[in-house]
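Beneath this line is the structure, given in C-alpha cells, with notes to follow.
For reference, chains read A, B, C, D and E in written order, and residue numbers begin at 1 within each chain.
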Amino acid sequence: MAEADRYEDVVRTRSDEKFAEFEDTGKGLWGRFHELLHTTPAIVPLIVLLAACIVFGLILGSKFFSPFALTLILQQVQIVGVLAAAQALIILTAGIDLSVGAVAVLCSVIMGQFTFRYGVPAVLSVPIGLACGTAIGAVNGWLVSKVKLPPFIVTLGMWQIVLAVNYLYSANETIRAQDIEAQAPFLQFLGTKFNLGGAVFTFGVVLMLIVVLVLAYVLRSTAWGRHVYAVGDDPEAAQLAGVDRHRTIMSVYMLVGFICGLAGWVMIGRFGSVSPSATTGVIGNIQAITAVVIGGISLFGGRGSILGAFFGALIVGVFELGLRMAGADPQWTYLLIGVLIIAAVTVDQWIRKVTA
Amino acid sequence: MAEADRYEDVVRTRSDEKFAEFEDTGKGLWGRFHELLHTTPAIVPLIVLLAACIVFGLILGSKFFSPFALTLILQQVQIVGVLAAAQALIILTAGIDLSVGAVAVLCSVIMGQFTFRYGVPAVLSVPIGLACGTAIGAVNGWLVSKVKLPPFIVTLGMWQIVLAVNYLYSANETIRAQDIEAQAPFLQFLGTKFNLGGAVFTFGVVLMLIVVLVLAYVLRSTAWGRHVYAVGDDPEAAQLAGVDRHRTIMSVYMLVGFICGLAGWVMIGRFGSVSPSATTGVIGNIQAITAVVIGGISLFGGRGSILGAFFGALIVGVFELGLRMAGADPQWTYLLIGVLIIAAVTVDQWIRKVTA
Amino acid sequence: MSKDTQGTPVLEARGLVKRYGKVTALDHCDFDLQPGEILAVIGDNGAGKSTLIKALSGAIQPNAGEILLEGRPVSFASPNDARAEGIETVYQTLAMSPALSIADNMFMGRELRMPGLMGQVFRKLDRKRMEDFSRQKLSELGLMTIQNINQPVETLSGGQRQGVAVARAAAFGSRVVILDEPTAALGVKESRRVLDLIQEVRARGIPIILISHNMPHVFEVADRVHIHRLGKRLCVIDPKDHTMSDAVAYMTGASVPEGVAEPA
Amino acid sequence: MSKDTQGTPVLEARGLVKRYGKVTALDHCDFDLQPGEILAVIGDNGAGKSTLIKALSGAIQPNAGEILLEGRPVSFASPNDARAEGIETVYQTLAMSPALSIADNMFMGRELRMPGLMGQVFRKLDRKRMEDFSRQKLSELGLMTIQNINQPVETLSGGQRQGVAVARAAAFGSRVVILDEPTAALGVKESRRVLDLIQEVRARGIPIILISHNMPHVFEVADRVHIHRLGKRLCVIDPKDHTMSDAVAYMTGASVPEGVAEPA
Amino acid sequence: QDGGSACLITKTDTNPFFVKMREGAAAKAEELGMTLNSYAGKVDGDNESQVAAIETCIANGADGILITASSTSAIVPSVQQARDAGILVIALDTPLDPIDAADMTFATDNFLAGELIGQWAAAKLGDAAADARVAFLDLDVSQPTVGVLRDQGFMQGFGIDLADRNKWGDEDDSRIVGHDVTQGNEEGGRKAMENLLATDPMINVVYTINEPAAAGAYEALKAIGRENDVLIVSVDGGCPGVQNIADGVIGATSQQYPLLMASKGIEAIAAFAKDGSKPEATEGKNFFDTGVKLVTDQPVEGVESISVDEGKDLCWG
C-alpha cells in the first residue's frame, strides 16, 4: 500500500458514533404547525384565504356568507382557477406561460366555429378544440425544450400569434348563446347547473376542482410528478439523475395546452356564447400568474403546490367579489388587488421566516 | 513536520510549466468576428436590425429608406426605447419591472395636473413628476431588497396600484394639447423639432439616445455598473466580495423610476396632450420586456448590454412600421410581431451556438 | 488485495474524442476497466477525467471513438441507458434535486409503483417501499442515520449529500460504479466511510472507477491507477510497483513513464 | 518555522454564538490568531468552521459574543467593513461573479478610478491599472499565466478560479488572510502552489487562518491547529507535539485532549 | 338610503365617455336618494368582468342594472339571469342582441353616429370624395361592437360598400388607405396615423373612433405640416372634443349624451323600485333614443348639424 499513512484509522474506533443526527422537533402545537407548514406549503395561502373570508364576512355580514355569494366566487374563479392550475404546472418547471389565456379563447372559438361553420357535431368539436390546445402546447414545449429558448419569450410570441389567429380565424364573430343552446347544447355542457344543499354549482366548477385535485395527486404521487419537480429544480441534475428532461417538458407543455383547451370549454359553459374578444385572451395570463404567485409557488421552479395556486385564485376571487359587494369603485378594487398581491406575498415570506 | 509525506514535492521540479494556457484564437476575419460577439453581445441584435432594414428596404424600396420613414421609426420607438433602457437595468439585476409603463403615465399625469390643477410652473412640475417616479422606484426597490419579495410580484402589484392611482387622481381627464401649448409649453419641450440633413428629429429622440448612451457608459465603465452586473449574476457572491447589495438594488430601482418619469415627459412631448388612459400604462411593460429580450439580455440577470435593448426596441419598431407600410393589416402585424419575437431569439441562439 | 487483471474488460473505450468549442477535452483517449477491480483515475485539474467518465456513463456523447461493455460495442444516448446496463455514476456535481426528499432522489428515474390497480392504473408511487429501501441502504452501508428520509436534500450538509449520492450508486450499481471525486468536500471521518464503502462494493464483485486528487486514498484502495494527462491516458500503473511521487511526477509531466513518448 | 505565539492576538473572538433556526452552528466559540502565524482550523463537516470565519469576516453577524481586532472590540456589519480593516477572506463558495472578468472580480468593491476629471466627475474606471495589477499579482504569485485578464471567470476551470480567489485575498490582505478550504477541488500540483502561496504571504508577516480537511497539508504548514468540534473550539494543539492521529481523534471525538471535558 | 339600489356597469372606466356617464348616474342617484354601485370592464370588449358585475348585483339584491355591454350578445345569458332574479335591466348606449334581451334600451345609435360624420365628410369634399384617401383609426384588433358600428356607419355615410357589416377590413374600395387601431387614446391615435401616413402620405380624410384618437392623429399630421389639409371626423361629443372642433383639430363629431342616458336610467330604476313600472320606448322605435347630433362649425348641405356653441352646451365633459 505504498506510503499511505494510516492516521485516519482512528476514526474507525468509534464507528458506532452517529454520522449526523437530527434534532427531534419539539412536538408541541407550535411544532406540529411548523411541520405542517414545511410539508404542506399550500397552508399559507389557505390561511390568507380564510382570513379574507372572515374580514369580508364581518364587513358585509350575511350577504357575503349566503350560499349564493359563496358559490358565486367559485363560478367567477372557475376560468382563472383552471388556467392557474395550468400556469402552476409550467412555473413548477421554472417556466412561465403568457399564452394560457389566449389559447383558452382560441380553443373555445375553434369548438364554436367547427360546430357552426363546418357543421361538425359538438361532441366532436370539443375534442378537436382540446387537440388544438394540446398542439399549441406542443409547439411551445418543443421551442423550450429542443430549441432551448426561454419560456417567457416563446410564450410571449405565442400569445400574440394565438390572439391574432383567434381574431382572424373567427372574423371577430361572436356565436350567440341562444344559437348554441338551440343547436349545440353540448358546447354549454359545463354550464349545466345543479343544486347541492341550497348552493348552485355548475359542471365547470366541478371540472375545475377535478383538474386541481388530479394534478395535485399526479404531482405528489406519481413518478412523472416527481420528474416535473426535479426538472424545475435543477434540469442538469435531473437529466444526470436519469430523468428524460425533454419528455418531461414536452409532456408538461402539452398537458398545459390541453388544460387551456378545457378552460376554453369552461368559458363557453360560463358565458353561454363563444366570443373571440373575451378578455381572458388578453389578461388571462396575468390573472393566472397572479393566482400562482399569491399561492406561494416559486417563480424559480421546483417549489410549491398546485393547491396553493387554487387558493391563490380563490383569494383574488374573494377580494374582487367582496370589494365589489362593498361597493368599492372598480379602480379602488384594482388598487386594493395590487396591495393584496404584495401583502399576501409579504405575509407568506414572514410566516416562513418566523417558522423557519 | 510530523508525518507529512513529501510525495508532492516532485511538482516543484517543473514549476516553470504553465499552470494554464489559453489557446490563441485564430485571428482571421472569422476569429475577430467571434471575439467581437463575445465582447459585444449587442452585436447580434444589431445584425438582426440591419437584416430587417435590408429586407424591408428590398420589399418597399425607397419608400422605406426615405428620411420620413426612418426618422418616424425613431419617433415611434422613443417611449418604448426609454422604457426598455429602464427595464434592461432591472433585468440586469435579475429582476423584472412590470410597472414601468404605468409609472411613466402617472408621471406625465402628475406633471400635467400640477401645472393645470395647482398652477405650479411647468419648469417645477417636471422635476416633481420625475421625483414621484423616483419615489415609486424606491418603494419597489425597498420591497425587493429589504423585504426580499420577488421583483415580479412587487412590480405586478405596483403596476395595478399605480394604474389605479393614475385614473383616480386624474379623474380620467385629458389635458388638451392646445391648452398645454398655450399655457405651459415647457411640458412639451421634448416634442421640439429640429432638422438634421433633411430628417426631422425631436428632443425626445435625443433624450432617448442620451439615456441609452449614458447608461451604456455607466454600466461599462464605472464601479456602480460593475456592481449592477455582479448583483445580477450572483447576489450572494457579490455581497461576500464587498458589494453593498442593498444600495445597488435601491439605486437601480430608483434610477429606473426616474427614467420612467423621463419617459412620461417624453410622452407629453410626443402626444402633445396628457392622457391618463395612454396605452403605455397597460402594455408598456410588455413592450419594454419584448425589446429587452429581443436585445439579448438574459432574464436571469448579469448578462447583456443596454445597447442590445435599444436595438431590440428598434427591431420591433422597424417591423411594425415595415409591415404596416407593406400593407399588412393590424391583426396580421400583431401575428407577425409574435413570430418575430420567437424568430429573433432563435437566430440569436443559433448565432451564439455556431460561434461558440 | 490485488488480483490478476487479464481477460475481457468490463468497460472499455477506444479513441474517445470530445471537443467543447475550441477545447479538446478528450483527445483519442483509451480506457479499460477489469472485472472486480478498483481503478483509480488521476490527473491535473482540467485533464479531462470528468469528461471521460461522462462519456462512459452516457451523460455526454463523444465526437469519435467507441465504448465496449463486456466486449460488446454500446452507445449510450443518456445516463438512463447506462443505468439500464447497471452502470451507476456519482457525478462531481452530485446530480441531486435540492427540493426533493432523500428517498425521491435515491429513486429518481426508477421509481417504484404500487402493486395492483393503484400502481398500474393510477401509477401511484409506492412511497413506503422506496423509503424503507432508502433508509435501509443508508444505514446498512453504515454511512449515516438520518431520522427523516423525507427531508429535502437541500437541508443536508455537503458531506451528507455526498453520502446519499454514493449510497444511491452503490445500491443500484450492478455492473460498474463510477465515483467522480466523492470525497472532495468531506471531512476525515466522512472520507474514511466512503473509502470503506468502496471496498464493500468491490467485495460484492462490482468493479469501481474512482477519480480522486487524494494520493494517499488512491494508493490505499486502488488496484490499478489510470493516469490521465492532456485529454488522454498517459499510462496505467500498479500502485504496488510505483510510489506516490512517481504517480504525481507522471501526471504533472515532471517525468515520463517508461515506454511513453511525451509529446513535444 | 515555528515561533512564540504570546502577546495580543491579531484577531480574537469570545463566546460567539450563531443560530440558524433550530441549528446552533456556533455555540459560545472562542478563537484567537497570533501575529504572523498560520493557524489551521480543522473539524468535522458541519462542525461550524465556515460559520466561524464568516462571523470573523463580517459575512454574518453573530447572535452573541464579541470580536476583537488587536485587542480593540470591533463589529463588522458587512464583509466590506472587515476588508477595510485589512481582513481578506476566500470563502468556501469563492464569491465570484461568473460573467465578469478576472480583473473585475479582483477589484470588486474597491475599483480604481481614473485620475483627474474623468475619474472624479465621470467616475470612469481605470481599467488598465486594474488589469495590470491583476495580471502582475497572478503571475507574481507564480500561480498562473492567463493570457486574457478580461476573460469571464466562468470560462476558468475550478482550479483556476480558486487561484484567482486566493490571489485576490493575498494581494489585498494587509492584516489577516482567511482561507476556507482553498484546495478542496484542486489537483496535486495546484494544491501545492496554494500551499506555497500561503507561506509566501506569511513571510510578508501577515497571519493566516486556514481551514482544511487535508491533514498532511495542515501539519505541513500550520504553526498551531485550532480543533473545532460541535460549534466550539475544543482545543488548540501544536502540530510539533501531536501526531495527525491525535488531531483526527480529537476532532472526531474518538479521544479527548488533556484538560478538556467531553460533554455528555 | 331607501330609494332602492342601482348598478351601473360600463365598458371601461378609463374612457372619459364612461366616466361622465358614471358621474351623471351618481348625481341623479344622489338626488333621488338611491344607492349606486359602479362597475366596469378592465379593457374594451371585456365581457367577463361585466358578467361578474351582474352576478355581484344579483348577490347584492339591486333593484336595477344599467349596462353598456361590451359584447352585446355574449352578455345576454347573464342579463337573463338578472331579470329572472327580478331586476330591471336597462341597456345604455348600445342595444343588446337581441334588443329585447333587456327590459329597455336607452341608446345612441352608433351606426347612425358614424353615418352622420361619413355623410358630412363626403359632402364637405364634394366631387373630390370620389378619389379621397381615407384612413380609419379604429379601436382595437379584437373589433369590439361599438368600433365596428361607428366604422361601418362612416363607410355607409361616405359611400363605401360595407361588405360584411359586422367587421371592418374586408372592404375593397380603393379609397381606403388602411385601418389601424388606437385603443381610443391619443397615443394610439398618433402612432396609427403615422403608420398610415407612411403607407400613403396623401391621406386627406381620417375617420377616428373617438376624439382622443383624433387628437393624436392631429399631432401626427401636425408633425409633417399637413394638419390643415386633412379632414378629421370623430364620434363622442365630449367637451374637449367639441373644443377641438372650435380649435380646428376635428372637422365634425357625432355627439352622444351619456349623462342623459345615465340619469334617465337611474330615474327608470327609481320608478321601478317604487311601483314596478317599466320605462317606455320612444315613439316608433323599439328603444328609448337619447339621440345623436352632428357638431361642426362648417355645416354642409343635406346633413343636419348643430354649431359648436350648441354642442358645448350639451357636451358631457
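Rule of thumb we're sticking to: contacts are C-beta pairs under 8 Å (C-beta built on N, C-alpha and C of every residue); 3 or more make two chains touch, one makes a residue touch a chain.
Only a predicted model underlies this, so the values are computations on that prediction, with no experimental measurement involved.
Steps from chain A to chain E, minimised over paths through touching chains, total 1. Contact with both chain D and chain E is made by A, B. Contact count check for A-D and A-C (C-beta pairs in contact): higher for A-C. One simple way to say how far apart two chains are is to compare their mean CA positions; for chain A and chain C this gives 40 Å. Between the Cα centres of chain B and chain E there is a gap of 37 Å. Computed from the mean C-alpha positions, the centre of chain A lies at a distance of 31 Å from the centre of chain B. With centres taken as mean Cα positions, chain C sits 47 Å from chain B.
Residues of chain A in contact with at least two other chains: 3, 5, 7-9, 11, 20, 163-164, 167, 329, 331, 334. In chain C, the residues that touch at least two other chains are 46, 157, 159-160, 188-191, 215-216, 243-244, 248, 252. Residue positions of chain E with contacts to 2 or more other chains are 13, 43, 141.
Under the contact rule stated at the top, the pairs of chains that touch are A-B, A-C, A-D, A-E, B-C, B-D, B-E, C-D.
Residue ranges of chain B in contact with chain E, taken from their complex: 63, 68-69, 72, 75-76, 167, 171-174, 176-178, 193, 200, 267, 270-273, 275-280, 282, 320-321, 324-325, 327, 329-331, 334.
Every residue of chain C that touches chain D in the complex is listed here, in rising order: 43-47, 157-160, 181, 184-191, 213-216, 248, 251-252. In the complex of the two chains, the chain A residues touching chain C come out as 1-5, 8-9, 11-12, 15, 18-22, 24, 39, 217, 221-224, 226-227, 229-230, 233-234, 236-244, 302-303. The touching residues of chain D, when paired with chain A in their complex, are 21-23, 46, 215-216, 243-245, 248-249, 252-255. Within the complex, the chain C residues that touch chain A are 59, 78-80, 83, 89, 91, 93-100, 104-105, 108-111, 113, 122-125, 127, 142-148, 150-151, 156-157, 159-160, 163, 188-193, 216-217, 219-220, 239-240, 242-244.
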